[in-house]
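Encoded as structure tokens, the structure appears first; notes follow it.
Order of writing sets the labels: A, B and C. Residues in every chain begin at 1.
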Amino acid sequence: MRVATIAFHTFKESVRQKVLYNLMAFALLLIGAAILVGSISVGVEQIILITLGLTSISVFGLLISIFIGIDLVSKEIERRTIYNILSKPVSRPEFILGKYLGLLLTLLVNTAVMTAGFYGALFYQKHALGLGDFVFLGAVYFILLQLAIVVGIALVFSCISTPVLSAVYTFCLYVIGNFTPDLRAFGQEAHSALLGTVSDILYYLLPNFGNFNVISQVAHAQKIPGYLWVGNSLYALLYMTILLGMAVLVFEEREFR
Amino acid sequence: MTSSRTPLSQPRLRRRLCWLLLLLCLLGLIPIQRSIDLRTGSDRGVAEVLFLPSGKFLRPLCLGYEGLFAEIYWTRVVQYFGRKRLANSTEFKLLGPLLQITTDLDPHLPIAYHFGSIFLAEKPPRGAGQPLEALALLYRGIVANPDHWRLWEDVGFIYYWDLKDYAAAARAFQTGSERPGAMQWMRAMAAKVAAQGGQLATSRFLWSEIARQAANEQIRKNAQDHLIALDAEEEMTKLGELVALYNSRQGRPARSLQALVVAGYLRALPRDPSGAPYILDAGGRVSLNPRSSIDLNLMQ
Amino acid sequence: MIMLALETIDLTKEYRLGFWRNRAKRALDRLNLRVEAGEVFGLLGPNGAGKTSTLKLLFRLIFPTSGSARILGKQLDDISVRFRVAYLPENPAFYEHLTAQEFLNYVASLFGLSAVERRRRVGELIDQLGLFASRNVPLRRFSKGMIQRLGIAQALINDPDVLFLDEPMSGLDPLGRREVREVILRLKERQKTVFFSTHILADAETLCDRVAVLHHGRLQGCGELNSILCLGVSTTEFVLEGPSPEVMTELAAYASSVIRTGERVRFEIPEESNIQVALEIILRRKTKLISVNPVKRSLEDYFLQKVGASEASQETASAYGWS
């Protein structure tokens, strides 16, 4: 399948990029440091390790998503390698889809490595890993869903803008997406029906990354509720579809002068 | 191929259908989000404050934008409290931590201290019922803002109203009156509270002050509810005296206030500030109509 | 039925320029071409004539403002036709981090070839185009000539019936150019159609059955190279060694040009009728004759004439305020 071919090719290309390894090294370093930090304050070592560890995976995953996502399409356009690919029996939607899936694969592998490091640190601290530690995989799954959306956003911007601007916009959207409930609250407290409606619309339009953040709960040994698994997966799936659709629609009209 | 000004790669119809599909997906997000919001309960965004050791922990993460984050947390305080009140909840577990973080991030947010002093101290279901926490919050505020004499007013008020410690209240009003810019009545209040303790007129004055300078709708409404309760209490006391007079004159206890009207002691059936008529309860005491919206628990 | 490899009907591409998009620039103006299967067709023109735009339009890298085109009878947005054609852009760019073999493998997999077929085909092409020694070298270390060879290799992976090449000889040394020429000739032998654009006339002269001349986006002329070359005045060239001054004077009367290079003198004698006269003069004076050749009107002349006319009309148009 052509999409799979392009996906694998994108994966292999991403994996060769040095920035990936730098970021991963940092993440693993941070997780290791979390053990040290935890050992300073008694009683909360595990909470700190889990919080810091999962947050590192999230933050570095975000950085990787942005760094590699912005180049996804714009690099091919800038270097004109895209002329070659598009002259083969590859449709533009297939191209976009392949790129996206390839990047998702890269993210999956990265996150897996960082998660392995995380579990390694956890094992080192607890000297045993139990069934209850599986819950952290849930948190990682949600982080992955988040990153899939971020990468989608980076992809859309990559089709319409330069890498630097794409990085800025994607990052801004990520930050805003974490505060959408507060944005809505601002609008509701503003005593203006118009602002209230606008903030409501924005609340549903913008990606609500807050849905996916279960790090505090998981660090304090709370379970992830069942409806959240379904809800978040559906939300992410829909949002990814929207982003991919946008990317395809924009990219299909793009001319390569 | 189309011969339009901008060449399109795909037929217009197909593109329009695609955008329509995307729009539908976007609309599909709404029920999912709402369902998540519903089940997570509204405390989702704020529940994590329970896990934060202190607001100082957050400061470095704000990357210089503490003010903005303080605003965000302040809005969360208002929203949280409003939601709880709307749901007729009786506990406000997160109010204290939220206020603490807000003031840790921005120690110079007067409204946060003021709001906290009122609603942390108020008994459930109107508030968290934690007057001591409220005092602690105020003292932190005073340390960070030594010139804010109004904070001393709030301290005095808590001692006066919630803790009924009139000596401490007087001391607070006195200290506050010595701050630059303090209003004259602070000194007078100190003297009055020290001398007379808890008087209806004093309470009414203090609550009116709060209602007058209320920077926040919830504070104002709360103060007005108290004022209405105070008015009702006063009216009931007066009515009680009238009933006692009637009873002693007639020789037998009145069975309802209507009797007093008939006998000419009252011009008409008296109504409480909310518009519901007062009644005499089984024990012959003046009390509020069960239909009345006034909450006398506020007087506690 | 003779299938047209390529047919364009009033193919037009207009760019909107300026901040307010109010100025229009026609990169291609109602191009009508017919290329038959099995021929080698050259699209000639100076830089900026619209050659690259034509090729990009055919491969949907840009979209036409109006008009249409068909490749092997299929519309341009029919992806299935890409299985039977190939495109090599000017100064091609390929993935630098891949080796030659990896890259060709990648392209082959885009055509859906099985692993066995891929191995075979890639191996064949690597050998055919002399890339064996550098098959495991990452493309970022390839020279220009090697990239061009690789470009042709990737174009041939699917054994296309029609090849579209944009300036295939650009930037190559004579050896490279000869290699490309040979590839094209071999393709012609196998009855493949080759459509290439170039601004180097010599290449077109040796390779093309038919050419079209493009200038300012408009088709200036199209036809068989033979007939174009035979058009117009035929001149004969006489090269003499050490002619005496008398011969010089006598021949100069008939010659349109006299060029002396060392001992040799070249006379251009227009008009066939004068050939006899010139020969008589030379033989009578016993002058040493090195060579006698008809001077073919070259593509250069045709080109310059067409382009010159176009420039003239362009200038006239500008003078009147049309563009």
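Here is the rule we go by: contacts are C-beta pairs under 8 Å (C-beta built on N, C-alpha and C of every residue); 3 or more make two chains touch, one makes a residue touch a chain.
Predicted model, so just to flag it, every value in this text is computed and none were measured.
With centres computed from CA atoms alone, A is the chain lying nearest the middle of all the protein shown. The most distant chain from chain A is C, comparing centres defined as mean Cα coordinates.
Chain B and chain C have Cα centroids separated by 85 Å. As a whole-number value, the distance joining the C-alpha centres of chain A and chain C reads 50 Å. Mean C-alpha position of chain A lies 41 Å from that of chain B. In chain C, the residues that reach two or more other chains under the touch definition are 60, 62-63. Under the contact definition stated at the top, the residues of chain B that touch 2 or more other chains are 7-9.
In chain A, the positions touching at least two other chains are 255.
Interface residues of chain A facing chain B in the complex, by the touch rule stated above, are 47, 92, 179, 181-182, 185-186, 188-189, 203-205, 208, 210-211, 216-217, 219-220, 225, 227-228, 231-232, 234-235, 238-239, 241-242, 245-246, 248-249, 252-253, 255.
Residue ranges of chain B in contact with chain A, taken from their complex: 7-10, 15, 18-19, 21-22, 25-26, 28-30, 32-33, 35-36, 39-40, 44-45, 47-48, 51, 72, 75-76, 78-79.
Note for the complex: chain A touches chain C at residues 2, 5-6, 9, 13, 16, 79-81, 83-91, 255-257.
The part of chain C that touches chain A in the complex is made up of residues 15, 56, 59-63, 79-80, 82-83, 86-87, 89, 92-95, 97, 106-107, 109-112, 154.
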